[in-house]
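Next up: some structures, all given as structure tokens.
Two complexes are shown next, each including chain A; its partner changes from chain B in the first to chain C in the second.
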Partner chain A sequence: MADGHTAGPAIEARSLRRVFQERRRGRVVKEHVALDGIDLEVRPGECFGLLGANGAGKTTLIKILCTLLLPTSGEARVLGMDVQREPAAIRRRINMVSGGEHSGYGILTVRESLWLFSQLYGLSNAEAFQRIDRLLKMVDLDGSVRVNKLSTGMRQKMNFARGFLNEPDVLFLDEPTLGLDVQTARRLRSFVREWVEERRKTVLLTTHYMMEADEICDRVAIISGGRILACDTPANLKRGLRQERVVRLELAGGAVAEAAAGVTRGDAAGGAARGGTGGAADVLRRAVQDVPGVRRVTLSALDGRVSARVHVESDGVLVQLVSTIAELGFDLHGLEKQDPTLEDVFLALTGRRLDDEGGAVGR
Partner chain B sequence: MKPSLLALLWHNARAARARAYVRVVSTLRELSWLPFEVVLPVMAAAAYVYLYRALDAPPRYAGFVLLGSAMTAYWLNVLWSMATQFYWEKQEGQLELFFLAPISRMAILAGMALGGMFMASTRAIGTLALGAWLFHVPLGGGHPWLALGTFLLTLVALYGLGMVLASVFMMYGRDAFNLVNLLQDPIYLASGFYFPVRALGRAVAFAAAAIPLTLGLDAMRQLLFGGEPLALWTPGVEMAALALLAVAYLFLAYVALTAMENLAKREGRLTVKWQ
Partner chain C sequence: MKRDAALSPPPGGALAPAARRGWLGELCSGWGFVERNFRLIRRYAAWEVAEQFYNVVNALTIALIGVAQGPEVVLYLTVGALLWGFLSVIFMEVATSVQWERWEGTIESTFMAPIHRLTFLLGTSAWAVLYGLVRTSVVLGAVALFFRMDLSRANLGAALLVLVVSSFSFIGLGLIAAVLPLLSPEKGAQATHIIQGVLLLISGVYYEIDALPAWLQPLSWISPATYTLRDVRRAVLHGATVGQLAPDLLRLGLFALVMIPLGYAVFATAERYALRKGLLKRNG
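Let's look at the complex of A and B:
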């Protein structure tokens, strides 16, 4: 049998497909393809990121690998064991943490709650409390607080600690830093990274925070519509876009206030401004997009100012770009050449930003 | 390496203990339930005790009523803290963590049952003690040890039924709540919580015997308060029937749980909240 320390993959999926059926009066009225032929291999000791918008199929894939859901077709193996035929053996060696989960009973303290979960993994009391104290220190959480008194962030810290209780060979982290403050999220990310490196454990992380994936993942797969569109190291994925130049333009003056409001309204409406509303923001976006050599443009607004991130074919496009912006009555406050990010890779592959389906842009 | 059978049993026993611990803690840590859940059953019993006294019924009828009133704690616990519990655990996202763990789901149900027994026992003992003092009911007569054995057998069968219901209710979600409401008060009547069940006629009493409390109450009343011309069967027959019910319900619980898990994994009901 393969395990987390052999040459075989820690996680393997072949032509994995999952279709959810909506039934009414016993008849299937609607089908939703959550996974559409996923092929994936995660190596032992690797921190692997699954990057995708909400509804892309990330959680469905994790649930199948965690033996909580059956695939409609295809095959999936964890530590060399088949998820359909050997779920009990897999469960002994994995764990999962989901962002926003509400595990734990309000009447118990954090320490008691973690002890409860440690018992599900057969730890002795001495070993359990030793691990609990170490993990609570790591996440900076007071174990004597009752679970029903925890804030969202504190609760997520407790969930995070729960995932490491049994020292799993494979840990599934499904949006684990959801709802956490920046400092805590950073601390947990560095803990995950160290844990993977020091103990040669495997982590499958799903996230829609680009920075998170970029910071801790050895390799990243971009998933959209239940399919994996690309899979490589973050550096290689970004290198694929190097033939493009990315410039960031800071705009002021003219109709910038109106444009900023338009961008903000558009964001609130799920990116309507990017799709075109006819307002100042839309006029700006279209004008920039129409400049020959511009491949993509995304607008963002902060504190009444507008920032345009423009992908261009070459530096020669910049002259025409600057002149177009001036013609629209905007003042150019800043121009900065940037390296492509995973957000750019995602945009290039899927044609939309990661937050277009209600998710958040990287922090 | 696959663990030995003994190691598996020990592991599952620890898991059951951990799940039971939640209920033990919630019973002891917040005592706000005490005045309501002890006094209200005593008040319900009082109405029947005074009615029987007004009708010149034998004094042991006060004991019948008090015992029935104390046992309501177990029925309510089975309905609201066993049958509906998996559904709530699913809504809270807790159920998938139990299913993710390398334990038998029966261990979780057993833990819920053991904790529930402790929780309901505190209420039942409180009701018995207060009622016995108020209505001057002697509790030490008859065959107390046999009555205790019948009581334990009743609990195993009753919580076995609760385990079956837990799986069934999880699959049917909110619709099951109407069924819980439907099962609450009518069972007080059908199982004879406040009167000897044979008064309903043998056919109804026989049907009501599917609820272990019917037989348990009837047997315990006979064992604690003496022979009763209105008894359904002899205590020996009722204990044998309870033992059969216990085995049947525990087996059914295992089958229902396995079927529920397979269906949930196939249809995504366990984890996909929008379905």
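Let's look at the complex of A and C:
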């Protein structure tokens, strides 16, 4: 299987575990389990998403698969090749784009930097410059700008171009659209999707933008605390929540200003997972949560208004819910039934929002 | 979704046929490091000129110390300054190669690239030798003009041969020192400076080894710079032939034969350690 022409999975992990140890004076003083027995299979030609909050283990997994980190135990294979025993053969067939990466020779131009990377992949000059020009056009980046003059978004565009230089069979995208404007992020997502479909390439994408995962991934695994909690197509994952109803309530009047300020401060934004602080936002969250038939509630605030996203067992709960809100002195400005999103799936599985550890909710 | 020509994936499959692999591919990749460093230096041209000016002045001030004792001492000190400059460039370029990758944020991309680690190390070493030769030649030219040196007795061919052979020994030393920034992102670079300082102290750069305290003198035997300096001085000051220099040339050759494979083996072991500990990450 060393040639990588395998009919099996493009990426495979079995009981993969990675523990980081902090040592002082030769003694282990702290252990952090980054991956806790990951089992995963990504099929050839699949765009596979790993959805998880910061610190969930996504980057650790990608680094192991990219041969930049050894697992503590377990097994990982890329294109049928073992990451520990055949790293050189794997490296010929993969590439990686990391979000927020400050990779590139600051004083050189983008084009020069990309050319230097192309030399590491053995591209001839003619082929390298042809690819670089196409990729720069694709990401809409001026190749004559020095790397140290690039904004965060432009730098990310360069990283993106670098990832495609060698036309990898498996591409690892670690938060690839971090720092990009919405339009560029969308453009790059569509490029990735098209690239996967036309070339039957494999992509493993880690993100905490659920929209990104929903838009381009064939399947998504939800990872938290180094464990995969669920893995399926986005549609199937959401279908699993369909027995629930999701309603969005727009609140105004009464203590809404105080509640909105509390939500903004984070008094209750974490929903069910967070302890209260006694503010108006927390009172609202607790009251809604205590309505029989309510499974979860998350509050958000925008322009001084409060919006509550409530998961209920059935439509019958709504009457009691509306009455509870009125008793608290809030006016109900709007009520909308919604389809579950991947974030709802994430919330249901982990008990917290995707942005609880500093990530963004979606774009 | 509307299709855009610029959005279309680039042509060609995985690597082949555009990519060169095998020894030619490795050679081209190795040369890529030489070219990368050249372009970086070219962009820092003003700094390079300033540094070269300092190197010339530094060599001159060292040589001027010997003016009162006569031209032979001036030449003795000049050879020390030139050789130390040359060997330092080789040692530091190789030893800090990993550290530079960390600072530039390219360590993951470089170490994930499908090239042999030896290609990375030898590419960096080739650059170090070329760069060191150019820098040393500039200083040599300036010092020779300043002192109107008489090199009629010098066997420059033999001196050059010593220089070439000793370059390989210093590459081996550099490879071992390059391991330090690999193992310790924070303290590795500092450690390479300490090694460089120890080599300066024990190798007899500006004085005879006899000037060292007796307990320190045995250390000079394990520094290839000791033999390089001794032989180049013999060739330049007394016109020693290759035959006369043969014993030290053999020692330097043996150093290289042992140090380069040893340096590579140590580097490979350290890389495995870094992979296990998760140390292959950029700084800043």
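Heads up, the rule we're going with is that the second predicted complex is superposed on the first by the 350 of 363 C-alpha atoms of A that agree within 3 Å, B and C clash if a C-alpha of one lies under 4 Å from a C-alpha of the other, contacts with A are read in each partner's own complex, and residues count from 1 in each chain.
What we mean here is this: a residue touches a chain if its C-beta (ideal position, glycine included) is under 8 Å from a C-beta of that chain, and two chains touch if they have at least 3 such contacts.
Just so you know, these numbers come straight off a predicted model, no measurement behind them.
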Partners on chain A (chain B, chain C) - clash or fit: clash
Of chain C and chain B, partner touching more chain A residues: C
Chain B versus chain C as contact partner of A:E127, first or second or both or neither: second
Touched partner set for A:N54, first chain B, second chain C, both or neither: neither
Touched partner set for A:Q320, first chain B, second chain C, both or neither: neither
Partner chain in contact with A:F117 - chain B first, chain C second, else both or neither: both
First, second, both or neither for A:S15, with chain B first and chain C second: neither
Partner chain in contact with A:K137 - chain B first, chain C second, else both or neither: second
Which of chain B and chain C A:L68 touches, first, second, both or neither: both
Shared contact residues on chain A - chain B and chain C: 20, 63, 66-70, 88, 91-92, 94-96, 98, 101-105, 107-108, 112, 116-117, 119-122, 162
Touching residues (chain side chain B, partner chain A) in the complex: 2, 7, 10-11, 14-15, 17-19, 21-22, 25-26, 29-30, 92-94, 96-103, 265-268, 270-272, 275
Interfacial residue positions of chain C with respect to chain A in the complex: 1, 3, 6-10, 12-15, 18-21, 25, 28-29, 31-32, 35-36, 39-40, 43-44, 104-106, 108-116, 272, 275-276, 278, 280, 282, 284
Residues of chain A that touch chain B when the two form their complex: 20-22, 63, 66-70, 88-89, 91-92, 94-96, 98, 101-105, 107-108, 112, 115-117, 119-122, 162
Complex contact set, residues of chain A against chain C: 20, 63, 66-70, 88, 91-96, 98, 101-108, 112, 116-117, 119-124, 127, 130-131, 134-135, 137-138, 140, 162, 164, 166-169, 187, 190-191, 194-195, 198-199
